[in-house]
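These notes open a run of structures that come right after.
The two complexes that follow have chain A in common; it is paired with chain B in the first and with chain C in the second.
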Partner chain A sequence: MFFRMLKGALFRQKSKMIMIAITIALGASLATAMLNIMLDVGDKMNQELKTYGANITVVPKESSVIDDLYEIEDGSTTKAFLKEEELGKIKTIFWAFNIVDFAPFSDTTAALSDGTAVKVVGSWFNHHLALPTGEELDAGVTSLRSWWEIKDGEWIDEQNSEGNSAMVGSVLAEKLGLSAGDTVTLSTDNGKETLKVVGIFDAGGDEDEQIFTTHDVAQKLSGTEGLLNSIEVSALTTPDNELAVKAAKEGPGSLTPKEYETWYCTAYVSSICYQIQEVITDSVAAPVRQVADSEGTILEKTQLLMILITILSLIGSALGISNLVTASVMERSNEIGLLKAIGARDYRITGIVLTEIIITAVFGGAAGYFMGYGFAQIIGQTVFSSSIEMKPMVIPIVAVLIVLVTLIGSIPAIRMMLRLRPAEVLHGR
Partner chain B sequence: MSLLEIKNVSKIYGPLKALDNVSLKVENGEWVAIMGPSGSGKSTMMNIIGCMDKASTGEVLLDGVDIAKESDKKLTAIRRDKIGLIFQQFHLVNYLTAVENVMVSQYYHSMPDEKEALEALERVGLKDRAKHLPSQLSGGEQQRVCIARALINHPEIVLADEPTGNLDEDNENIVLDIFKQLHREGTTLIVVTHDPEVAEEAQRTVVLEHGRLVKEIINENFTD
Partner chain C sequence: MKRQKMFLKMITASILRRRSRMLVALLAIAVGATILSGLVTIYYDVPRQMGEQFRNYGANMIFTPASGERLTDDTVSEALSQIDSANVVGCAPYRYEAVTILERPYMAAGVDMAEVEKTSPYWSINGEWPSQSGEILVGTSVASTFALSVGDDMTLTYDLGAPEGATVDEAKNGISENVNEKSFSVVGILDTGGNEEDYVYISLEDMEALTTEKGGYDVAELSVSANSDELSAYVDSINEDGAVSARLVKRVTQSENTVLSKLQALVFLVTAIVLVLTMICVATTMMAVVAERRKEVGLRKALGASNKSIIFEFMGEGLLLGGVGGLLGSVLGFLFAQMVSANVFNSSITFHFALVPLTILVSVLVTGLSCILPVRSAIDIDPALVLKGE
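Then we have the complex of A and B:
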């Protein structure tokens, strides 16, 4: 009889139940979308923030010490170098897959044909790497300095360029009257190189007065073949927590073996730096604190926003459910009064009404989950231009939240139902 | 011992005395009509006898048990086991069929038995309408479903509140015929009505005015 009553209530009161299911579906869809985005936003934000440049710089240990002592920001003043042959090892560390981009930098000062001294920086642009792991990667300045505005010409294309190419900073180009297609001759004690200007860029900083060229050209000019001044690394990182702060401040040696294991196996910027130092001889890898800290802060704030939206949507749902269920109970007060009059105990009436609502919630929640999947993909494509990965753990979380919200939303109706006296509704007393 | 004995019962709602020191005895198998104008306390009396409300003062003895002093839980059990209720507005569950409406009463009493429920509907002439929803039944048919539901658990006492109030003459006669049949079978009937023709069918009529029992009429012409 219980199932007959249930079936009758569900199928012969479709419109009411559909309204409740829609309310639950809306809450569930928002919760699903927000929870999935919240869980995926770390990677998405990281990828997004990678467009703002490297978050780790690797310099020779000696120059790092001298820089620290004399507070020199430009490492080129020292004569310590990193070995170019070790560059590929960066993609062999424990968190290799989190290294999304990296590039070596070599710089020197060269003289133009009129004797003007300019800083020449050599690096990769779209350098193709085929790693022993099978991974292939185009790394370099093109992606590490994606914010550069190309005022004239284009980026250096290492893979298809025919000869020595250069990109000239906008301030220097204006001073020298250079534009894309021109040539520029650079001389140092180590030789002379004629470069074709393929692009004029605006970086909005000191780089606007520099000439960027391919790494091998800069090495020839500086006479440092096989050596490099620094490496910039862009890595996907996990926001720092207390453990990461402790490791960064006091060093990994201060950690207990268990803490060390946790720290080493988490993509904290400090643990990635530590692992880079392990593979690059005599190097110091340091996070670019501004970028690393901003990433963590933005990520935390974004996740907080998602949690708040989820909570608010669930509160909205609970209020909606509360109104609808209360209205439904009021509408069914005669029926409930009658059931009490013919001997139904409160718990049996509550049981059947709650079962109706929970079944409706299950259908509404399931529909809401798939709607939420759609919302998440729309948000993912709109905001991050990529799809949101649906996390299986969201399903039980949403299920529990929906049941809780439905039960909480039903409390006022249940209270009203328990207070309802048959004589009042059946005889209008 | 009388099946029902009301002793000096009053029911007070704030400044209003809905029942004022009413006493009444109903014997087992008796058919009693309670008459009176609107506001005379008929429904209040039915609610108290039907264990849906409690007297403010006085005793209400049903089978010797003072129901005025029982807990809500106990009153629910008494309603379920001893009383069959018939309402003017029928109060059928609108999403259940006629037979399911009868079975609901069985479900909360003991075990639902569709065969028995169909027999109850047959008794009120509605077996062929068993699978119809209340909205597909006429007023008279709905009232007969209500009667079948009231009788399905073999109550000691059947309380009917204006059972013919919403019916036309033909359906009124059908319902009264069912009551006569029930009385012949020994069912105790208490029928609240403001219709003298319905009251005349009972063995005894008590008249309420302003919450007081003002008159008691024995129907000399009563025949089964």
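Then we have the complex of A and C:
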């Protein structure tokens, strides 16, 4: 009997039930989309913030200690370098997956044909890396200096150029009257190189007076094959908290073993630095505060903003659903009056109404989840041009939310119905 | 006159007598209106508030002398007057001088600490910012070279150049050294991960005392809260005047543009989707509330009411509900936006008065439209059928 009544209510009042299901689906899709975006916005914004460039620099451990000890004044001979062969190790650290970009830098001073000295920087542009893990990555200044404005020509394309290419800073290019397609000759004690100018860039800083070229050319000029001056690393990091601050200030040695483990296994900028130092011999990896700290602030704010907007839309969809449920249960006073008149117990009436609503809610909620998936992907594709990861934890949250909301929405209405006297209701008052 | 009175009476009676149902409808509309006004307020304010957060990246404009001469207070403040003062977060002039610390050459910068704190908020200082004369901020690498820690004393030596009358030889051999020494106490050690770690920072007054002259500034860093178009306009108008050459720090301005536009697009899309879904929710609830009154419509038709007057009455009701709900929603929405702003950005939000009529208009429209559909379908059927309950 119970099931027959249920079936009757569900199928005979089709349009009404469909409307409830639609509203629940809308609410559920809103909740799904917002929760997924909220959970993923940190990662997505983190990627966007990579346009600010590297947040970690790796330099050789100062040789100044030796200088001080033996009072060697001529710094150039004792200058420390990093080893090029160790570069790949950066992608083998615990948080290797979070390292999105890195580039080695080796610089030297060379003389132009007219004798003026310029700073020549060798680096990667779009260096293709095939890692043992199977991951492939294009790393280099093309992405690490995304704010450079190419005034003339284009970026050096390492994969398709014949080599010996250079990019010249806008200030220097103006001074020398260079434009894309010209050649420059650079000479040092170690040799002479003729480079083709591929592009002129405006960096809005000191780099405007420098020449950028590929790594091997700069090394040949400086006579330091296989050696690097510095490495810039761009990593996805977690905003610092108390633990990270403590580790950074007092050193990882001050942490208890448990704290150390948590710190080491969290992508704090300080723990990534520490891990880089572990793999690169005699190196000091330090966070670039301007980028690392600001990233943290902006990520935190964005996440908090999205959390609050999510809460508002959750409350909104919850109230929307429970409102409709209340309205549609109230509407059925006649039917409930009749049921009471023919002797139905309160709990049976409650049972029937609730089961009906819950069945509708389950269907609506399931449809809503997939709609929400669609909305989240629309937002992900339009804003970040990448898909939003659907977290499995959202499903139980949305399910619990929908069930709770429909129950809470129907309870006051049902209680009101039960208080009604059948005679009055049937009479139409 | 009489008709209008009757009309008002019917509307108020229907609202008052069916209190609980109307409360449900009103709640639905108010929730929709709250979300509308709250999200739109946030959407308008987020770029401004977020823009302020992006100032954490530090200076986005730099003044350098246009000619060989250094910047002075006058030229800087004249250039500064070209920028809307409300947008200037900070303007920190730097005066660099070569000094020696224990015979080793270093660069010392004379700065206005309070302004630097504004233009370079990312400076991580172990200790405190110098606040009075005789205090010095030391870069990490300088501190580690001399094993300095907070509380230590150090001396800066400035070479005033060969005194008048001294021969070149005398100056070279340091026989008649003309140097000025000043002792400072280290109050903070600066960690930035950049070049700043190789410098020491003292106040402008101390720099004057050390060098015994009031020199100009080498560079001034500015943090201006404006979008990239406004920034380039400022730069152009400053460069026209000539005394100061202004440049944008591309790394900061370009990147801010990219990230901020993404963020704005995100908030926009989220707002749009949430609004559309909420409005549909409001509409379905209203439809449910009205659909239940099919009997009433039938009865009225049976009594001889015209279709027009029935629709008119329902619309009147919708108007009233939409208006009250919209008004309620604009207030609640503003409170919500205010809460978000206080929690996320620690600042208050401006109340957009234009949003009140907009919110009310949208809620009235949504309510009106969602009333019309069920009422029309009730009107179209034979009153007898509706009354019979089919």
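Just so it is clear, the second predicted complex is superposed on the first by the 382 of 429 C-alpha atoms of A that agree within 3 Å, B and C clash if a C-alpha of one lies under 4 Å from a C-alpha of the other, contacts with A are read in each partner's own complex, and residues count from 1 in each chain.
FYI, contacts are C-beta pairs under 8 Å (C-beta built on N, C-alpha and C of every residue); 3 or more make two chains touch, one makes a residue touch a chain.
Quick caveat, the model's predicted, so the values are computed rather than measured.
A.B. asks: In the superposed arrangement, does A:Arg421 touch chain B (first), chain C (second), both or neither?
C.D. replies: The answer is first: A:Arg421 touches chain B but not chain C.
A.B. asks: Counting only touches as set out at the top, which of chain B and chain C does A:Ser179 meet: first, second, both, neither?
C.D. replies: In the superposition, A:Ser179 touches no partner, neither chain B nor chain C.
A.B. asks: Let me test your reading of the model: by the given contact rule, A:Ser187 touches which partner, first (chain B), second (chain C), both or neither?
C.D. replies: In the superposition, A:Ser187 touches no partner, neither chain B nor chain C.
A.B. asks: According to the contact criterion defined above, which of chain B and chain C contacts more residues of chain A?
C.D. replies: When the residues of chain A touched by each partner are counted, C comes out ahead.
A.B. asks: Examine A:Phe384 and indicate which partner it touches, taking first as chain B and second as chain C; both and neither are also allowed.
C.D. replies: Only chain C; A:Phe384 stays clear of chain B.
A.B. asks: A:Gln277 in the overlay: touching chain B, chain C, both, or neither? Say first, second, both or neither.
C.D. replies: Neither partner.
A.B. asks: Provide the residue numbers of chain C that touch chain A in the complex, in ascending order.
C.D. replies: Listed in rising order, the residues of chain C that touch chain A are 20-21, 24-25, 27-28, 31-32, 34-35, 38-39, 42, 46, 50, 53-54, 56-58, 120, 122-124, 126, 141, 145, 191-194, 247-255, 258-259, 262-263, 265-267, 269-270, 273-274, 277-278, 280-282, 284-285, 287-289, 291-292, 336, 339-340, 343-345.
A.B. asks: Mind pulling up the chain A residues that touch chain C in the complex?
C.D. replies: The touching residues are 16, 19, 22-23, 26-27, 29-30, 33-34, 37, 41, 45, 48-49, 51-53, 56-57, 62, 64, 68, 146-149, 202-205, 249, 286-294, 297-298, 301-302, 304-306, 308-309, 312-313, 315-317, 319-321, 323-324, 326-328, 330-331, 375, 378-379, 382-384, 416.
A.B. asks: In their complex, what parts of chain B are in touch with chain A?
C.D. replies: Answer in residue numbers: 43-44, 46-47, 50, 52-53, 73, 76-77, 79-81, 85, 87, 89, 91, 93-96, 100, 103-109, 112, 133, 149, 161.
A.B. asks: State the interface residues of chain A toward chain B in the complex, per the touch definition above.
C.D. replies: Touching chain B from chain A are residues 1-2, 4-5, 8-9, 11-13, 334-335, 337-345, 348, 421-423, 426-427, 429.
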